[in-house]
Each structure stands twice: as C-alpha cells, then as structure tokens.
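Two complexes are shown next, each including subunit A; its partner changes from subunit B in the first to subunit C in the second.
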Partner chain A sequence: MDEAIQQRLTAIFRTVFDEPDLQLRRAMTAHDVPAWDSLSHITLIVAVEREFRVRFTTAEVAALMNVGDLADQISKKLS
Partner chain B sequence: MSARRDLDYFQLLKESRQAPGADRPENKKIRVAVLGDCATQHLSVLLRVLFSRHGLEAHVYEGAFDAAEGEACNPQSGLYKHDPEVVIVLSSVQALRDKFYQRTASAADFRDEALSRLAGVWDAIRAHSQATILQTTLVAPFERFFGQYDRQVAASLSTIVSDVNAAIVSEARRRNLLLVDLEEVASWVGRRSWFDERLWAIAKLPTAMEHLPLVAQGIVDVTLATKGRAVKCVVLDLDNTLWGGVVGDDGPHGIKIAAHGDGEAFHRFQSFLKELKNRGILLAVCSKNEHENAVRPFEVNSEMVLKLEDITVFVANWENKPENIRKIREALNIGLDSMLFLDDNPFERAAVRTLLPDVMVPELPEDPADYVKALVELNLFETTAFSAEDAERSTLYRQEAQRRIAETSAASFEDYLQSLDMTIQMGRFAPEQLGRITQLLQRSNQFNLTTQRHNQAQCEAMMNDVEGCLPLTASLRDRFGDHGLISIVVVRPDRAADAAVISDWLMSCRVLTRGVEEYLMNHVVEQARQWGLATVTASYIPTAKNAMVKDFYARFDFRKTVEHADGRIDWALPVAEYTPRSVFIRADEER
Partner chain C sequence: MPLSSVEFLLFVALSVIAFRLSPRRGRPHVLLVASYGFYCTWNPQMAGALLGITVVCYYAALYVESSRGRPLAPRITVAVVSGLILYIVAWKARAVLSSGGGIVIPLGVSYYTFRLISYLLDVHWGTVPAERSLVPFAAYVAFFPQMMAGPIERASSFLPQLGAGGTADRGRTFEGVMRILLGFFKKFVVADNLALIVDYGYRHLGSGSSVPSALSFYLYPVQLYADFSGLADIALGVGLLFGLKGPENFDAPFSASSISEYWRRWHMTLTSWLRDYVFMPLRMATRTWGTAGLIVSVVVNMMLIAVWHGFTLGFVAFGAVNATFLVVDVLTSARRQKFWRRHPGLLRAATIVGMIVTYHIVSLSETFFRAPSFADAARLLGGLGAGLHGFGEALAVVTAPPNHYAWIALPAFVLTETADAVRRRRGMGLPAGLPRWARWSAVTCLAGAFVFMALLFLARKSATNPFVYANF
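So, the complex of A and B:
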C-alpha cells in the first residue's frame, strides 16, 4: 500500500470509526472494525472522496469494504 | 464543503463523539421523532449534536423506514411510546419520484393520493398526541422530461412536486403545521450538489452527506423557535454599517445611503431591516457618536430608508458598547439572548462577544453588499407565528416610551395609572387567539411562573375543556394605544382538593406595574369563590430567567406550602382571607 495514501487513510478511518489507535492492514475488512457497518461505510466513502478529491461509482462504493481494495482504487484514480 | 462553516459534517461527527449532554448535566431534554421516507440514521446523529449546541439533550426516535402512516395511525407504535414534543415528517422527493415511476393511475390521481397520505399522517398524529408537527417541503426534482416546457405539463413530475408543495404550504397554514423548507435550503445550496444519486441508491440518503447538516439545522431552528428562541431586537451600529462613511466627518448629507450608486448596498440593507421591523423585530441603535450627529441623517437625509420612528431605542455616546447594549436591554425588558448585534467593526464585535456572551454577534462580510446575504444564510429570524401584534410591536414599544414621559409628569404613580385610562378584556381562550396565545407562551420568559411551553394543539385542548379548565387571556388598552393580548392565566377547579389550581400565569413584561396582575388575581380568587372552593393553590418553577416572579404569590398573601428540592415552590391562599386589590383598570365593555 502506498505509504502516503495509507497515512491519510488511517487518519480518516480513525475519525470515522472513532478508534484513535486503529492500524490499517491491507487485508482488513468491515469484520475487523466493530464500528464499520453499512451506515458508517457511507460516511467513510464520503470522507475518502473529500480527502483525496476522487469520486467512486455506485458499484465501487458498494464493493469497497476492505482496506486493500480501497487503497488500490484511490491510487488508480489519482494516477 | 457545506454552505456554512459551522455545519461541516465531519466536524459535527467529531463533536457527536464528545457525548453530548454528558458533560453538561444542566442540559434540558427534548424528545423528537423523525418519520422519514428516506434513511434517518445519519440525520439523527446530527440532530443530537446540533441540539446540544443549544443546550438541549435530544432524544431522537427514528420511525421505521418509509412507514410514517403505520407509525402515526397505530396508537401503540414506538412513535407514541416515545412521547415526542416534536414530530418531523421528512418527505424526500426521491421517494416520491420512485413511486411516481411506478404509478398505475393518472398523475393527478397520484398527486392526490400522495397528499391524502400526508394528511392522514398529520391527522393521526394530531389524534394521538399533542406533539408539534414539522413537515418538510419537497426539493424540486432534477428530472425533466419536457425540457423547459416541463412545468407547462400538468402531469410532469416537476409539476406534481410543485403542486404537492403548494398544498403542503396551504395545509400548514390551515392546520398549524410548521414547515422545514428544504426546497428553499436545497435551492440555496444548488440542487446539482444537493442530490447524490449514489447515496440514495445505496443507503437512501436524501441529500449529499455534506448537506445533511443543513437539513438537521433547519429542523433544529424551527424546533428552537417553538421553544421560544427568537431574535426580538437588532442592535445596529451606524457608521459603515447602516450607511457608508462617518457621519461626524461627512455630515448628514455626505454619508453614502442613496438608492443608487455607492450607497445602494446600505440602502438595500436598511430596506431589509425595515421589513424586519415591520414583522415585529425591534431595531435599536448603538453608536459611538455625538447624539446630535447620529440622529441627523434620520431627520434630514431623505435617502434614508429608516426613520427615527423605526428605531425603538437610540443610544449614541462615547461609552463602551456592551454597557450601552445593557442599557438598551433594560429599556426594552428583553433577554440578552434575544438580541442581535450588527457592527462592521471586528473590535466592537469581539468586545460584545466577550462581555455579553448571550448576545448573538455574527461576523459581517467585508463588503456591505453582502450583509443581507450573510444574515439570511445564518437563518436568525425564525418564528412560528405571525400576528397583528407583531406588526404593531415597534409602535407599542414607542408608545411605552411616551408613557414613561407621562409617568414623569404625573404627580404620583397612582395619578399616573389613573391618567392612563386602562381597560382590560378577559375571557376564555378563543379560536382566533390561539396563534397569539401560543406565541406568548413561547416568548415569555421573565414574568412566567411555571414556563410551560404549551403548543397550539394543547392550547386548543384547554380551550375545549369547558368543565375542567378555565384558560384565560387578558387584553389591555389605554389612552395611548392597544397592547393586545398581554397575559395568560390557566386555572382548574380541583373538587377533590377543594382548591382552584393555577397551572400557568404569565404576562408580557411591557405591562409591568400597571396593576394587571392585581386585576387578574382579583378575578381568579372571585372565580374560586364562585366555584365554592376553599383555597387557591399555585406553583413557582424557577428557570434561568424568571427570578422576578419568585415572590409573586407572596405579594398576594399566599403561603408557602412546599419547597421542593428542585427549587419549585408550592403556594396556597384561603379564599376567605383574600382582600381584593385596588386597581385603576376597568373591564372593557366595548369589545
């Protein structure tokens, strides 16, 4: 995972899920984060869009429920 | 980004984590319910945060998704178990659109059906609860099937939506619903950014997330207005706020205030303020100037929109502004938290914010052309009613100033009261008074013994309870003018306790020390006697603002019976021991 992206993503995850010590791993999914449910997922996606100035499609929003995929999508959209 | 800096979604999310209410145990509670045909979970988080910014701990009930009718029509539903003070019926245009696409009947039938469903929800809520109903307007849809011809087609979606909105507005007037005007909010933001079709598809969110705080703030603003929050007076600086330039240097004709050219922004700002005055908001001037210089433009410059008679209190001197604002407050007898201070000078704004934190002090933009826009965006002038008294308020307060002059010329205070030639008209609540009654219940803070904020439905219930309740209004008139409805007293005969129970007693502070209270107490005790009851009982419930009536009942020889731990005091008066007070008010026979 791109380090700069990971750093910014970590800050977002910590804010959205209210876990100040959260450490991101590529394999991490909604199952690993107690507060990551379908509601907060929307908040997460909107926060990511705002931070990286990218926009996900409806299908992407629904699919991006693991950290690795999310980070990959971000770097793809940024490149 | 949100249209307002103080309403950033993620900032609010962080704020919500600071456990609203927990750190402020003095917070009052408010029970609200949201019935939405869209997702409401994110919204209810925002509602809690925004209410807590105003010292209210909100308990939010979220009705099941798109089930307003079921919740409203079932007296056993979670909605009524929650016992909300306020029910928000949140109608989203996306839900209406999706149903429109599936219609089997004509567009007109579809529209009528949608309206009758809404009316069914309102009726059911009214039947099963006394909650205040807030209904959102529909945001205009972006779908156009006929291009710009769309609104000329009676059956197009945009026409149907605007028909439904028109009906919501007229029903709101008729049924005393309060509007949360999302159509207005969305068009202000811009519907292109308002709608997020992805979030609707995935989660049924009614707006893009960044705008959701505006929906919540709209709801909070209206709710707070029902709880009595209102700007009652706008305190205005003069130089470079009300006009361009410095009157002391430029002279009364040299200032910029002409309707065209470099004075136009100020001219327009004054016109806006004049409309506020016409709707019942008092205008006061607080300026660092020689008084003589400060009043000159009002007297001699014909380009000025505001005239001296539009200004209720005029203070121009070289003292500090917080002190002068305190004087204005005393002259008007209103709370500091109902005052709004407008000044182009950041130093003065900071001084007032620091020394009078209750006074609202918005930032003003650098360009006076943007003053009105900035103020409107903050939505500071919310209200829940508009009555004839509002339009007359400014005049009433000016008459009050004339009375003070009469007061100083009368030999004694009794002579003065005599000279006022006062008459009072009393009677049970009447249907045409309900708007004003509700408004007075919401606005009166100081002379208010129990501060029960009954809403209109509750007042109507009292009005109709002819056997069990005597809800009285009093309207006062004197030789200087008509004060209108200025006092409310609610008495109930309690046969079991052999007592007449005063549950509410409040009065507009404008009419203090005229003998109105004495007149009403004479009436209440006489009523108890006619009911054949032995005592009159009453309570005082302390709030942050009503200390002035702490000993109100002692004045009438009531005795304390119980002093509760929460500060509430119960009082009782044996009817036989009461001596009617002498007053200088006659019953009004003419009206």
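So, the complex of A and C:
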C-alpha cells in the first residue's frame, strides 16, 4: 500500500469508525472493525471521495474486498 | 410432494444415493434431474418456464462477460434483470388480483429469480466469473432443497462446491440428518403447537379481555421463527447430505438489541441480498443527499422486503412499521454509541431493555403480517389494553383438548434455541475422538429418530399445516 495513501486512509477510517487507535492492514475487512457495516461503508466511501477528490462507481465499490483493494482503486484513479 | 411426507424423505434418500454413487463429473447432472423431478411434482407446467429463464440468463451472463466494455453488455444486463423483476411482480400481482381465484404462484419464483439476478449483477460487476457449463448452472438455479423457501445462496458459494462434487463425508451426513430432525422438530413441536394458541387468540379477539390479543401478539413471532427457521434447517440439512453447505438464514434473531440488528439476524440471505443489490446501489446513488439519502435507502429497502412477501396492505403496514423504527434506529445510532461509551456500566441493562423493545417492535409489525385483515390487526392491538379479566377462562380454553398439548411448544422452543446455540458454537457433527461404541450409539439413535419421524408422517392422516414461508 502506498504510504501517503495509507496515512490519509488511516485518518479517514479513524474518524468514520470513531476508533482513534485503528491501524490499517491491506487484508483488513469489515469483519475486523465492529462499526464497519453497510451504513458506515457509504460514509467511508463518501469521505474517501472527498479526501482524494475521486469518484467511485457502484461496480467499483461492489468489487472492494478489503482495505488493500480500496487503496489500489484510489491509486489507480490518482495515476 | 410435501416436505413432511414419507415420499419426500424417500426422494431425498434416493437422490443422495444416486448423487454419491455417480462420478464427480456426473453429479451436477444427477442433481439437475432430481431438482427438476422435485419441481415437476409441484408445478410441472412451470418447469419449462424455469428452464427457459435459466437458459436465457446463462447465455446473457456469458455475453456480458465476453463483451465487457461494449455498450450492449450493460443494456443486456439491465434488460434481463428488469425482465426477471417484472416476472416476479407479474406473478405476485396476479396472485393478489385473482384473490383466491386459483392462481398458483410458481414454486420458488422469488428464490430462483433472486439467485439469477444476483448472478447476473455479479458477472456484470466482474465480481464472479460467468459459469461455462449449463448443467451445473441450471442445477444451482433449480437446487431443490432451497427452492421452497431459500436460503438464497450465491453462485460464488454454490458452484465451486458442486464443481468439486460436494464434500459428502460421514461428518456432514450426520450433521445433515441432525439438521433435518431439528427442522422438523421446530415445525411440528414448536410452530404447529404455537399456531393453535395464536389461532385461538385471533378467533377470540372480541372477548373483551386482553388475553387472546396478548397470546397472539407475543407468541406469533416465535411461531413464525420456528416455522421458517425449521424450513431453513431442513433445506440446509438436505444440502449437507449432498455434501453442499448452504448459507445460514438465522442467527438468534430474538437476541437482537435493536431493530437493525434484528434484520441482520433474520432471513439473513434475503437481507444481505437486498443490501448488496438494492441498498448499496441506492445508497451510492443518493450518497450526496445527506440524511435524506440514508432515509430513502432504508425505507425503499425495507418496503421491498415487505412487498416481496406479497402485494397486500398487511405486508405494506408490516414494512412501514419496520421502516419507521429502522430510520429512528440508524439516525440515533451514532449518538447512542457515544453515550454507551461514556456510560459502560449501563450497557448491560440497555442491551436487555433493547431486546425487550425490539421484540415488541417485531410483534407489532408481525401483527400486520399475520392478521387476516387491517380490522383484525386493529382489534388485536386495541385488545391489548382491555385488561386481564377472563384470564382464567381463556387459560382453561387453551389448555383444554384439543389444545392441551400446545403449551409443550414453549419448553420445546427453549430446547431448540439451546440446540441452535450449541450448533453455532460447536457444529452438529460427531465430536472427534469419540470411542467406537459412543459413535455407533449416536448414529443408531439418530437413525432411530429418523425412522420414527417417517412413521409419524405415515400415521398422520390429516393434512399438516403448510410452512408459512413456503407461500412466498
């Protein structure tokens, strides 16, 4: 995971899920974060879109399996 | 072929034997023949429609995958998915409009169309590959144990298992038989006995006492849960006999401390289906609307769950009650969580209070689900405040023959909930390392119980209550 993207993503995750000590891993999924459900998932996506000034499609969001996939998508859109 | 019949048990046994004796490559063919054979015993005239729809979706998915990026591919997805939605809507509407005029909804129409829609959307989004072989795909769509009331299994879970020929070892067979027995126990001992008491309540709503209303109000959710989860247990148990593990449909829903949590534990394969294919796309489309987008997504999602059961005012009211409380729940969730973090000492009490409140919301919404009419629902709810006079009389009636055995349902429910809790924690297979005599004793007891159940089916001359969710 790109370090700059990881740092910015970590800040977003900590704010959205209200977990100040959360450490991101590529393999991390919704099962690893108690507050990460279908409602907060969209809040997370909106926060990511605002922070990185990118736009996801429904198909792209549906294909996200873990934090690593999200970071890769952001990286792809920024390049 | 009713599930609670010796014919069904024999059909399952013969299908499983044929499946297991076949070479791995031939097993999808056996399962396909068995599934269509089962379907024809219910709806022979609609088996052709099932096959036609399956073939269309099979080729549509192959085309969508091979033509990704071309403008026609998304149009094909939209056209086929819209066609499937219209197909369900048309049947449900016909059933309502005919109002008992002899229209029979094709068996499993809601379940197999949902399987097909999810498959097509997954292929369209590129999250699953299109199945190359028609036979396993058709066996997935028509898989007979899940045809009557789900669970709604995804292609990505089912097809790899079938491709491997199923994992039909002794452990899964034992677990499958246990699961089938548990399902029939839930249906015949818990649900059917509670139905006697709930029906009594509905027949005596005008008695001037709150007892009939309270009995129906508080016991119907348990009756419905035992009935539906029993059906799911039978479906999953039969699947295990083929060596195919299906998705769980329930996770102790009455332990939920909020209505959102309840819906994550009840009919889980339907709610997760709607989450992935309705709620998420809708939420993505409305994500810039703020709170209004959230409310619209929650309400639309819940109302779709409601009308999925049928186009009646009762189901609409069922959805409206749930949607109202769900909106309140999601809008206050963040504040409540912050409050409980500041007051962790109160959390335990709040969880218990939450469970009680949630059960009341569920009972309220399911009153509209069960009541024959709006007027009956209103009489039942009005009757709750009528006072406890006549309690002794009502009790005497519901404990007199022919209902005198009905109350066995309550301890039996505690027993099945305990069995389910153990199953979730440890599974239902034989514990490893058991001595030979204990293993054989357990297998013999299980076989004896199964034969006893079959004999009971034979002895039951009168028709049994149909499974509630077999109607959807």
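Going forward, the second predicted complex is superposed on the first by the 78 of 79 C-alpha atoms of A that agree within 3 Å, B and C clash if a C-alpha of one lies under 4 Å from a C-alpha of the other, contacts with A are read in each partner's own complex, and residues count from 1 in each chain.
In this text, a residue touches a chain if its C-beta (ideal position, glycine included) is under 8 Å from a C-beta of that chain, and two chains touch if they have at least 3 such contacts.
Small disclaimer: the values here were computed from a predicted structure and weren't measured.
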Which of subunit B and subunit C A:Ser79 touches, first, second, both or neither: neither
Partner chain(s) touched by A:Thr58 [first = subunit B, second = subunit C, both, neither]: both
Partner chain(s) touched by A:Ser38 [first = subunit B, second = subunit C, both, neither]: both
Which of subunit B and subunit C A:Thr15 touches, first, second, both or neither: first
Touching partner for A:Ala47 - first (subunit B), second (subunit C), both, neither: first
Contacts on subunit A seen with subunit B and repeated with subunit C across the two complexes: 18, 38-39, 42, 46, 56-58, 61-62
Residue ranges of subunit B in contact with subunit A within the complex: 9-10, 13-14, 17, 41-42, 197-199, 201-203, 205, 208-210
Subunit A to subunit C touching residues, read off their complex: 18, 35, 38-39, 41-42, 45-46, 56-59, 61-63
Subunit A - residues contacting subunit B, complex: 15-16, 18, 38-39, 42-43, 46-47, 50, 56-58, 61-62
Partner subunit A, residues of subunit C touching it in the complex: 124-127, 275-276, 279-281, 283-285, 287-288, 294, 330, 333-334, 337-338
